[in-house]
Each structure stands twice: as structure tokens, then as C-alpha cells.
Amino acid sequence: MVIKKKQKSLPHKKYKPKLAVFKFASCDGCQLSLLDCEDELLAVTGEIEIAHFLEASRRVLDGPYDLSLVEGSITTPHDAKRIRDVRKISRTLVTIGACATAGGIQALRNFKDVKEFVSLVYARPQYISTLATSTPIVEHVPVDFELRGCPINKSQLVETISAFLQGRKPQTPTSSVCMECKRRGTVCVMVAQQMACMGPVTQDGCGAICPAYNRGCYGCFGPKETTNTESLAKWFLEMGMKKEEVMRTFRGFNGYAPEFRQESERQEMG
Amino acid sequence: MIAINDRESFTILLKVLQEKGYTVIGPTVQGQAIVYDKIDSIQDLPVGCGDEHRPGGYSLRKRGDGALFGYVVGPASFKKFLFPPSQKLWQAKRTKDGFDVQKEKKERFKMAFLGVRPCEIQGIMVQVQVFLKGNYVDSHYQKRRKDNLIIAVNCSEPGGTCFCTSMHTGPSAKAGFDLCLTEIIEEKRHYFVAETGSPGGEVILKEVPHCEASASELKHRDQIMDKAENLMGRTMDTSGIKELLYRNRDHPQWEKIAQRCLSCANCTMVCPTCFCSHVTEGTDLTAQDVQRVRSWDSCFTSDFSYIHGRHVRHSTSARYRQWMTHKLASWIDQFGMSGCVGCGRCITWCPVGIDITEEVRNIRLGSVPNPNDSAKGVHDEND
Amino acid sequence: MARSKTDPMTPAIFHVKRVIRETEDTFTIELIPSNGTTGFSFKPGQFTMLYVLGAGEVPISISGDPFEKRCLTHTIRSVGNVTRLLQKLKAGEGIGVRGPFGSAWPVKASQGRDVIIVAGGIGLAPLRPVLYTVLKNRKKYNRISLLYGTRTPEDILYHQELMKWRSQFDIDIHVTVDQAGKSWKGNVGVVTTLISRIAFDSTQAVALICGPEVMMRFTIQEFRQRGLNNEDMYVSMERNMKCGIGFCGHCQYGPYFICKDGPVFRYDLVEDLMKVEEI
Amino acid sequence: MKSKTIKVNHLARVEGEGALDIKIQGKKLKDVKLRIYEPPRFFEAFLRGRDFREVPDITARICGICPIAYELGASYAMEDICGIKVEGQLRALRRLIYNGEWIESHVLHVYMLHAPDFLGYQDAILMAKDYPEVVKRGLRMKKIGNEVLALLGGREIHPVNLCIGGFYQVPAKQKLRTLLDNLKWGRDAALETVTWVAQFPYEDLNVDYEFVAMRHPDEYAVIEGRLVSNKGMDIPIRGI
Amino acid sequence: MRTIEDLIKEHRFFKDLSSEHIETIAGCGKNMVFKSGEYLAREGNPADQFYVIRQGKVAIDIVTVEKGTVIVQTVQDGEIVGWSWIIEPYYWRFDVRAVETTHAVALDGKCLRGKCEKDHDLGYALLKRFSGVLARRLEVARLQFLDVYGVQQGQAAVQKTKGKRHGTK
């Protein structure tokens, strides 16, 4: 005989996907973007369970997590292991920001000798455990989606979470900053004022703010698709910049991104 | 033919337009460039301001006179007012079994464009052909274009990257305007010779103090405009250009251009005729409210030619070839006119100064011979 | 085509009648216009833009019966965000539809001729309306052949219908697959191998071809060998149609916009373009 | 004797970047270890060889929660070296953007990190269930801080408009004016916040600490002040 | 009843051969019937014949560890199967199996090989025709290899492509 268990009529509760935020070597700025979504924050938490977000909550729910946002680059042996653990407990892993997608500003060490850096900065180098390089997450584990920027753009973050919830691809352009700059109606600072601008080789997403504030883009969203850094660098030189300056221009917050790295190395060598 | 004397009458012209409910849009100085924006008074115009155009370079200069239209063209054309860089097409609310498209508020755009150069008139005409003359009418474009008044100003001092003479679109406006002015600055006089092109233009002119232009005034105007025709900084040989570009899809020059081209899309963004766009799905987190937003797109991006799993035009050379071949050749097949108006913006605002006129010349050099010109069978199909 | 009164960028609401699974990754969706009264007419070969709220729009060929005015049918391969969501729709749910857009197969102009329909993979979908039409007016056509190739036997679309048509004996149907196991009794080999097996009069035959570009190119070569002229072959081209009406530029193909000049082209008009890389 | 170890692996209130190990033996505290495992990033080292104008943007990346402090700190340092003094309205604007960061960061601190602790919640989101209006007020205040940052700096985190000598572009007056109403509301909200926070239960613990702070009689002390303590320390910071 | 010679004469594969050569070839042929499932040839066996399929259908297949028996191609009425007899080392590379009852003319390749050696005109004529068969097989194989109906790379997992960089360190 089958005994039918009397079912309690529980109010229908929909499953909320679990969100986790992890930090590696970084400035916290990208995860702060989530808290900076003042208008959307409560709506976000209505749709998604914040299960692990140490910047915002001491409540930690166990994994696996449906969506993990990973900020920061891998710079220590401990972190190189930790990211593999994070991957294991993450169904979807999205890296956020230049550190996580390109190694960040701290990847400038990759062009130098880190041992010298350690002794230069720390009075007691023996306490410092570090890798010789700062590398993007994707060099360590598979990544489902990369959200660029130093820092990431708030609306792009909301769009990414939104896309995750709808089960679609995030609408984040891979084209140049110039396109947004022109749509915004900013007069090109490079053509009209001869300022060095990384806009033509940098991925859009920031909203083309730098030229709108009368300065050249410094490439904080990293290389756009199909970059021609060589041509831009050549033009910089024709504008009167020194090789050294051109090298530094490419070696910034996304200096370790392959396209920018190659160009800065080309300028450094030749 | 009529002469509007001095700047005072010009102030009245602005007043008349404003009184008739027009938002006047014309040249201003912003961000060290001529920017078309809302004009409230004559002070907003770039008085005594000139501009220099060269491949990948632009600067303003003081002319030392009181010219109101002494510049060539602004970086952005009037396109942005008729075909905005980003605009909502429609919005919808989710319902139980689908969604409801929300009714749009009725918006009225009554815009008077002031200082429209002949090349820019042609730019508008080209987009009108695209958006309003086909099987389908773009209601969004139509709305903005409907009550649109065009006050053209002939181009008496073309710039370093101009080639409208080659494209037969300037420097004098022949049609497409309501009112067309030629600014004339003599040692002691500053006046405009005006020509009406529509009843709407006549209505406006009636309310502005003017007199019949004298023979000498007209002569002066003709002299200026004749001279202007030969002042173009660039020329483009358009003879047989369609076939030339169709024949040369494998020309080595495309690869050479790609070495310089940044595929940054600036040329398409500043082009007064480029009309490509994409639509994004603007949702809130729960996708209850959705907006479909159309924004300018460009054939220079890889996503532009994305077709499940691949990008058709993955190389920069293919993208440049697509753009230039479309602009100068296939446009003629599609719309019965060239997509290029000779304004030179793509040359000036290319961050690395790629010059479309020069590239046409390069394609002509070493072009595949026209099969009609020479004996057939030169190419062995079985090689 | 008549000028549309409403804005052509705004979709009409349709409701899902049912979703039929065809193969592992392909399904057919039947839609009914929400206003209930107005029918829907299209020409074989045309496509619509299907819109899922929150996800976006995709161009999909109409695969249903042109004589069925109340039901709009599409066969879709689920490969992207929108198509995946379309597959998950339940009866009664609403989606947006714009269209029909684009050119059509020369169904009427082919009357009195031998009609050879060559389809590869999902390419059978936009040709199915042709089959409905020619079979309904069977007497108006000479020989009718359908050559259909897929990857494996599991990928064959409209299996039941193919069986039914085959048993009518008024159409010569050949199906082949690229790969099959031992139990498969049908043909193995690419679809081009079928052309030598059918009979047609090359002086008055017309070939309607739809499938991956490579498949279409080889099919055309084969037909040329059999004496068919370029003007007697039609192909359906694929690009990323976004607006469907020539406003957005995405589907440009040489001097054409696939969305309004295509997707069906007489082969001689696109012959040169098909050879150009990255066009 | 009984011994006990308390281990806190992630101190949430330092953004999870630290751990605390406490060893207790009997009734005596045996050992306390605060481990900060934020990986080293070597700003001091890789700044060498950079153009002095690049320094503020780079140092901003030390912390995304308080980038202005680093951007302005670096700017002042460079200006001191160059012998430049930024005065007048530019100085006022700098002060304003600093305040924007202050508002944003302190509200985050008060509303999202500490109030939950005092009121017994794990975070502000859970707290919002019982105190929706309070959390909303906090979020709105935070947003106002961010608006100041975005307007003057181009964006909230790592603003782009600050440079040595002032700003790349001075904001238009009418744009600044748009902040006014919100800021007025914010002032009231700040007062309400003080009243609210004053009701929190504070532990009555007195320890003989030496408290250190920056001090300036009439200027924002972090920029211009001297380092002082309650036990008599008083040293200059700038222009050493 | 039609003789094998008639059959060969009418077949397009042997079109334009001299009547002398046709006679020679026909002399090496015999009619055969294969039931469904019967093998016309086995991989690795000496290729001593080829077949003109008169009626029916045969599958050229290969046994694989991964997928079991995979049919590479089917050949039917009016088509030729078997080229191994004319190209060294004269071993079948695939199995040939009747999918349905198949009537075929089996031609003795061993015998023909000898005749071709003696009569190079015949050898050339046959080699020319069989290189055509080979070329067709190659074309078909290449097209199959392209897997034109397959889901394109990167289509399924839109963003996972990024993972490619993983492990490049």
C-alpha cells in the first residue's frame, strides 16, 4: 500500500540562482561596481541569491554557485590553487575587470624582475610569497565570459547578470571606443587636438568617457577585436611621441593583454 | 535672387524661424571644433571662425573677419538629428502570455537646419532614399524629416579634404533646400545672396528684410562660387568607378590599406550617408520591461558580419573593401546614386589619415583590366 | 510589395500553437496570429523575424504550407540564444513576428518545367513550401525531384512527410546522408552524388538549391555538367539579417541586401560573389 | 587548563582580505594573529620609469573603494615636486570630488558594513527586509556621493578627469547645479543617519590606545594636515 | 537476353571504347547476384575484381572501433564499385556490402590487369576511367570531411572559446 504523504501547501518559492564574488589580486573596484548599482541592487537580490560576497556580507552559503564573478589576477601560488577550487564550485564563471581578464596593472611586473620588486618594496622580503607574473584567470581555468574594464562598467555588469538570468549572451560590444565616442558626439581629441588616444584600438564599454573629458583614452577596457596597434603606434610616432612614450601608452592597465603587450614590446625593442 | 544685408537681418531670420516653432540647429564652436547644435542667437554661431582639414588632422583658426559660415564642415553632419546615434524603436511590457508593445507618445520634431552645406544636403537626400523611398518607410526617420527646414549655405572656401566637385554635389547647392544663402564678405559689406527652393523657404524669406540682388552682387557670388569649385583639396576620378571596384575585389591594395586601417569605424560614424545600425535589447533584470534601441553600427566591426559561429568579414582588408565598394559602387546599384558626397570627413577624421580619394587612385593603378577593353581568355580558368 | 502602414520595425504578436521536435537540435514551431482574424500569407522562400522578449530577434525561413493561412510555421535549428529560447516555448506563449520579408522561389515561373529541388540539412525548411505548392498543383509541372542530403540519418527532417510524398509516386525523392551506420539502408554520400541518378531535361529544368554555401557550389557544378544553365538555378543565401528590410546594412552581399533582394537569388546574379572570400 | 582557538578565515569587514586567529588558554589570551593575505602588487616598484603625469591614474588602482585619495595624494606629491600649488576654484572642486568619495565610501561603511553588525544581520540586504526604508536611504545617499564622483570625475570608480594641476575638463556650471537638490536632501539624510546611529548599542570598553589622525585647523586634513595623536605626536606629512 | 558485351557497350563508363576492347573486357565478366548483407568485397582481401552494379545498392563501409561499421558511400544502379584491382598493391581498402538484393557484373581484374600490361591502349583507357572514379570518390570524401551541415565551432558555447587560452602558460 502506498501511503500518500500529506503535502504541506508551501507558498511556491522560485529557485534563486546563487551568486558568488571572489577576489584575487585587485583593488576591489570591480566588485564594488555591484554595490554601486544602488538602483538595481535590491532588484538583483530579488532575482539572485548573494551566496558569497565578502565585501558586502559575512554570510557565506556553500557552493556550488550558479554564477561566480571573479575579480583580480593570479599572483601567488596560493591563489593559483584557489582559482581552481573556485572553478570547481562555479557553474558559470565570469571574470570581471582588467586584473582578471588581462593581469591588471600589477602585471607590469611581468616585464621586469619580480625579485627586485620584492626587495625594493618590502622591508622583510622573506614574508612575501609571490609569483613572477600576474596573469589573467583564463590562463589558469576555463572562463565562460570576460567582462572588461578597469574598472568594469556598472551597466555592463547589470547587463551580464541580466543576460545570465535570461539565458542569453550579454550584449557587450567588442568594437572600438571611437564608435561610442562618435555616437556621444565628442570631437575626436586625437584629430582635433593631437592628443594620443587609445580609443581606436580599445574595446568600447566605458561609454567613451576620457575624450568627453578632454583627454585621450588610456585603454582601460583592453584591446578591441581586430586591433591594429602597429598602425596606431606609427601614427603616435608621427605625431611626435617618443618610442618610450608609445611603449608606456600600450603598457598600462591592460598592458599584459596580448595585443597591447606585443606592441609595447615592439616599441621597447626597436 | 535676393540679397540679405548684414548680420542684423540675419538675427531677424533666426527670430522668424524660432517664432514659427522651429528648433534652429546650426554651427557652434565646441571642443575646439565646429559642432552642429541648437542655436539661440547669432552669438552662438562661429563668428570669424575658420577650420583646417587634412588627413587625420583638424584645427580651428581665426579668420580675422566676421564670417558666420567661414568654416568648411563640422566633424559630425546633420545626420545625427534625423537618424540619431541611439534611439528607442519601441518598448514593450511582458504580459501573462506574451507582451504588449507600448503606444508611443506623439513627438513632433520641427527642426530648421542652418548652414547646411551642399554636400550635406546630398547626404540627407541619400538617407531619404534609404529610409523613405524603398518598399518600407522608416517611421522614425520620417517623423524627424517631415517638418524639416533646410537653410543651405554655399561653400565658398572648401577645405583640404573636400572633393564635392568630383562628386557633383557642391560647392553650390542646386536643389534640396528651402533657402540657400551665399555669404559674401566685401571690404565694407557683409551680406548674403539668397535663393529660395521651396514655398516654405519663400514664406520665411518674406519676413526677413531683404532687397533684390543687384547684377554686381550676383556676379560677385558667381565669381566666388566658380573659384570655389577649383579650391577642392582633393579630387576623385569617378569614371567607371562601379565596375572598377567590382573588378578589383582581389586588388593587393586592400591588404595595404589594412596595414594602416584601425577598423575603428570613425569613417563610418562621421559619414553623412552611412546608415548601418544594430538593435539592442534593453531589459531590466527580470525582463518585464523591454526597450528595443537602435544605434549606429559599422561594417568595420567583426560582429557586423557575424553569422552563427563565424564572422564573414574577419579581416580588416575585407571590411575596408566592403565599406569603400559599398560607398562608391554597390550604393549605385542599390539606390541609384553614389553613397559618397565628397565631404571629406572620412579623410579628416580617420585617426591615421587614410584618404579615400587616394585609395581610389591606388586601386586604379594595377587594376584588373576591364574585360570589355581587352581580349577575353587572358585568365586561364583551369590554372 | 506594398508599403506597410505600421512601422516595419515593430513586431506583430503571434501565439505558439505547438512546438514539434524534428531532430536532436531542430524543431518546428507553429504560430497563430494573435488578432485571430487576419490570415497570413507568404511566398515560398520568404522569411520572418521572430522575436523573443528579453532575448532578441532572429531571421527564420518559413517552412509551412502557403495555403494554410492561419498557421505560420518555421523549422529552426537551436544554436543561439534566441533559437534556444524559442525551442522552450509552450503552447499559448506569445512571440513577436515581423515579415514576411525577402524574395521567393520561382514557383509559378517553373510551371511546365522539370523542377529539381536540392536541399542540404536545414536547407529543406525554406524549400518545403515549394514542395507543398508544386505537389498541390502537380499537373502544372513536369518531373519533380527532391534531392536531400543531411549529416546523418538522425538529422533528416520531415521524415513522415517524405515517406508520404515518396509513396505518391509523382515525385522522385532521393535522400542521402554523409555518415551512417550499418543499419542504414539508404544512400550515403554527399547530395551532389544524387544528381547523376535523376532524370531531367536540362533544356527546360529548373533547380532550386538551399543548403550550406559549399554544398550549393558543388551542386551547381554538377548541374552545369549536366547542361543546366546558370539562369535556371536558384540559390538561397544566408547572411545575418537584422532588420529584414534593408535599413541596417548587416546582410549586405555585394550589391544586394540579402533581406530584400534575397534570400533567393537566380544563380547567375550571385555567381561571381560566391567565389569572393569575405564578401 | 582548557585552551581554545577561534579562527575567522575571512574578515568580511576588511573586504574578506584578512583572517584572525585567536588562541585562548584558560582565561588568558595567548595569541592573536591578524593575517592580511591581500597579495602584494608592487606599485612602488613599477611606478619607476613612468611619466609623472601617469602616476595619479596608476595609484588610483591601489584601491577601488577610495581611488580619489590615491589620485589626489599622487597629484599633490607630484605638484609638490614641481612646485605647483592648485588654488582657488580648482582646489574647491578637488575638495568636492573628495567629498563625493567620502559620502559614497562612508555611507557604504555605515549602512552596508557596520549597521548590519550592530543590528544583528549578516548584511545590508538581509537588513533591508526589516529596515527597507533605512537601507533605501543609505543607498540613495551612497548614490549621491557617486553622482558627485561621476559628474566631476567621469565615473565613480577610478575617475578619469583628475590630473596634476587640476582637472582635464572643468565641469559646466549648470551641470554642477543639478547636484544641488540631491545634496540638500543628503544633508538632511546625513543628520538622520547620525541620530539613527547614535541609538546603536556600543560596548563600554576603554583601552589605553594611542589614536592617530590627520589634523588641520580649517582644511580637509587628509590633504593638508599634520599627523597627530592623542599622546602628543605631531608631525608634518607634506613637503617633507 | 542481353549479353555482358551488350551491357558493357551501353554503359556510360565504357563509352567510346573500341569494340575490340569491349570484347576483351566482356570476356572477363560474369553476372552475379548478392543478397542483402552479402559482401562483394572485404577489406584487405586481394582485389581481383570490380563490379558494375546493374540493379540494387551496395555500401562501401569500414569497421571502426569508435562507431562500429560506418558506411562511407553507397553505390547503386549503373555505377561502378572497385578501383583497387587496377592500382597497386591490389587489395580492397574497404568492405563492399549489398544493402539490398544486387545484380552486378563482376569483372575479373586479375585477368584484365594482365591484358592491360600487354595492351597499353586498353590499360590507358581503363586507368583513365578509373582515375575518374577515384577523383569522384576523393571529391565526395572531401565534402563529407568538411561536415558542412555540422554546427559551426564556437556556435554552441558562445563564450567558452576564451578557454582556449587556458593552459598556454
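Order of writing sets the chain letters: A, B, C, D and E. Residues in each chain are counted from 1.
Convention: contacts are C-beta pairs under 8 Å (C-beta built on N, C-alpha and C of every residue); 3 or more make two chains touch, one makes a residue touch a chain.
In this text, all values refer to a predicted model and were calculated from it rather than measured experimentally.
Peer 1: Please state, in steps, how far chain D lies from chain C along the shortest route of touching chains.
Peer 2: Minimal hop count between chain C and chain D: 2.
Peer 1: Let me spell it out: compute each chain's centre from its C-alpha atoms, then which one is farthest from chain E's centre?
Peer 2: Greatest centre separation from chain E goes to chain D.
Peer 1: Weigh A-B against A-C on C-beta contact pairs and write down the one with more.
Peer 2: A-B
Peer 1: Which chain has its Cα centroid closest to the overall Cα centroid?
Peer 2: Of all chains shown, the one whose C-alpha centre lies nearest the global C-alpha mean is A.
Peer 1: What is the distance, in whole Å, between the centres of chain C and chain E, each centre taken as the mean of its C-alpha atoms?
Peer 2: 33
Peer 1: Suppose each chain is reduced to the average of its Cα coordinates; what separation in Å results between chain A and chain D?
Peer 2: 23
Peer 1: Can you give the whole-Å distance between the Cα centres of chain A and chain E?
Peer 2: Chain centroid spacing, chain A to chain E, equals 57 Å.
Peer 1: Centroid from C-alpha atoms only, then distance chain B to chain D, rounded to Å. What do you get?
Peer 2: 49
Peer 1: Please output the residue numbers of chain D that touch at least 2 other chains, ranges allowed.
Peer 2: Not one residue of chain D touches more than one other chain, so the list is empty.
Peer 1: Residue numbers in chain C touching 2 or more other chains?
Peer 2: 54-56, 79-81
Peer 1: Pull out every residue in chain E that's touching 2 or more other chains.
Peer 2: Correct list: 151, 155, 158.
Peer 1: Name, in rising order, each residue of chain A that touches chain C in their complex.
Peer 2: So the residues of chain A touching chain C come out as 166-169.
Peer 1: Over in the complex, which chain B residues touch chain C? Could you list them?
Peer 2: Contacts found on chain B: 89-90, 92, 94-95, 97-99, 101, 130-131, 134-140, 246, 249, 275-279, 281, 283, 287, 290, 292, 294, 297, 299, 304-309, 312-315, 318, 322, 326, 329-330, 333-334.
Peer 1: Within the complex, which stretch of chain A touches chain B?
Peer 2: Touch residues, chain A against chain B: 40, 43-44, 46-47, 158, 161-162, 165-166, 171, 173-176, 178-179, 182-188, 190-194, 197, 199-201, 214, 224-228, 230-232, 234-235.
Peer 1: Note which residues of chain D are touching chain A in the complex, please.
Peer 2: Those residues of chain D that touch chain A are 10, 12-13, 15-17, 37-46, 50-51, 54, 57-58, 61-65, 67, 104, 108, 112-113, 122-126, 128, 135-136, 139-140, 142-143, 146, 154-158, 160-161, 163, 168-169.
Peer 1: Could you pull out which chain C residues touch chain A in their complex?
Peer 2: Residue positions touching the partner: 54-56, 80-82, 84-85.
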